[in-house]
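A, B, C and D label the chains in the order they appear, each numbered from 1.
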Amino acid sequence: MGDNDQGFVRVLLFAALRDQAGWGERRIPVSPADTLTALELWKTLDLGPWSSSWRVAINQVLADPQSPVRAGDELAFLPPFTGG
Amino acid sequence: MGDNDQGFVRVLLFAALRDQAGWGERRIPVSPADTLTALELWKTLDLGPWSSSWRVAINQVLADPQSPVRAGDELAFLPPFTGG
Amino acid sequence: MESSNLGNADLASCVEVVIHAQPFDPWMALERWLEGAPASAMFLGRVRPEDHQGRALEALELAHYPGMCEQRIRADAHRLRDHHGADRVLVLHRVGRLPPGEPIVLVAVTADRRGPAQRCCAAVLEALKHDAPFWKREWRAGQGTWLCANTPL
Amino acid sequence: MESSNLGNADLASCVEVVIHAQPFDPWMALERWLEGAPASAMFLGRVRPEDHQGRALEALELAHYPGMCEQRIRADAHRLRDHHGADRVLVLHRVGRLPPGEPIVLVAVTADRRGPAQRCCAAVLEALKHDAPFWKREWRAGQGTWLCANTPL
């Protein structure tokens, strides 16, 4: 992550979540002292209730929704995969 | 089977059996009254002892070695299949 | 992000994974990649002519999470290659908007024997479906619908 | 008998079986035959570089029982197609003398879903190996040796 990402979490939405929100990528300011979980950050985005069928990736690795996110992280919210 | 096959069993050998015998195809005369089995016919060919790993086809259909063969039949002796 | 240049060949290695934003020719890819392996198992998936409700489909759209997607497929392919004792694994996957009949996914696995090739090919395909961040959207009469689940095995 | 004209295409039908006395191009065959099926599973087997004892192989010779061979494969393919709920089955098999790396057998199965396509493709290949009257002879230093058994799965 570059210097520009300091103080921010880069949040990505995909597929149905992206359409529903009307955006695909945002930089959310967080203070270095914050100990926010992925799920807590979701709630600050005002995108409605969380679904247990969705998954979370932190820095492109699947993570528990209760995992902490920190400034500089890339956080993605992922609907069920339907590839192949 | 054509008229020429009346009174004969057409015998086919394949692969190792063919090499061992030195021939691949023969017409063996049989009388209409004969009730010869495939195995009995094998013995008349003087090709050595029968192996239980070999198979018999009568008119291109797998058959028990004890099945009867009749004039006009095509009888094949088959080593284990190794295709694919 | 979804339509950036996605090529990510790993030619020298035993695992090659490429996400294509444009149509790929499965036969040219196989001819180039397979060489003379004794056993090669392959799977090609194409866009169905119908949507999940059986109505005529206009197009299928495929989105992915660039970077994470290739990483996940590559990690799964390496793991399954080792597990099944296969030799090389190729995965090509389309993203973008695809008409019915267009290739979506090609998996090819080489091995010394047919069993490892076939088992590894099937396992890589399942891994792709369940572990890789791809999403399908069906288009019909100008309306798009994201699919919620994969087709059954 | 072994080198007669062996073509036996059954183009209009759901099962196509051809015994080739000359090399075939698997990719051209697949491109021509597969059309736009949603799921296609394929297997390609080639001549190994080594004989069954691990020594360099000069050539592999394949003999068959013309007529019976095609009949058995076709009957197995129809039965397995129905059993697995597949759509179409293609089997190409070489006979004659083949150098290492040369295609011996191509099996391709189309279906609406990946499961039936993969299962039927594997089953047709096993049937070929165990039920069809083909015989392999390994050539090395001018000496031919008929194989007694198939490679393990």
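Basically, a residue touches a chain if its C-beta (ideal position, glycine included) is under 8 Å from a C-beta of that chain, and two chains touch if they have at least 3 such contacts.
Source: prediction; values computed, not measured.
**Student:** Spell out the chains that contact subunit A while also contacting subunit D.
**Tutor:** Looking at subunit D and subunit A together, the chains touching each of them are C.
**Student:** Indicate the whole-number Å distance between the mean C-alpha point of subunit C and the mean C-alpha point of subunit D.
**Tutor:** Here subunit C and subunit D have centroids separated by 25 Å.
**Student:** Quick one: subunit B and subunit D, Cα centre-to-centre, how many Å?
**Tutor:** Comparing mean C-alpha positions, subunit D is 26 Å from subunit B.
**Student:** Quick one: subunit A and subunit B, Cα centre-to-centre, how many Å?
**Tutor:** 75
**Student:** Which positions in subunit C are in touch with at least two other chains?
**Tutor:** In subunit C, residues 45, 125 touch at least two other chains, as defined above.
**Student:** Going by the contact rule already set, what residues in subunit B reach two or more other chains?
**Tutor:** Where subunit B is concerned, no single residue meets two or more other chains.
**Student:** Output every touching chain pair, sorted by label.
**Tutor:** A-C, B-D, C-D
**Student:** Which stretch or stretches of subunit C touch subunit A in the complex?
**Tutor:** Going by the criterion above, the answer is residues 1, 45, 62-65, 67-68, 71, 93, 104-105, 125-126, 128-137, 146-150.
**Student:** Give every residue of subunit A touching subunit C within the complex, in rising order.
**Tutor:** Result: residues 12, 14-16, 19, 24-25, 53, 57, 60-61, 76, 78-84 of subunit A touch subunit C.
**Student:** How about subunit C: which of its residues touch subunit D in the complex?
**Tutor:** 27-28, 30-31, 34, 36-49, 100-101, 112-115, 117-118, 121-122, 125, 151-153
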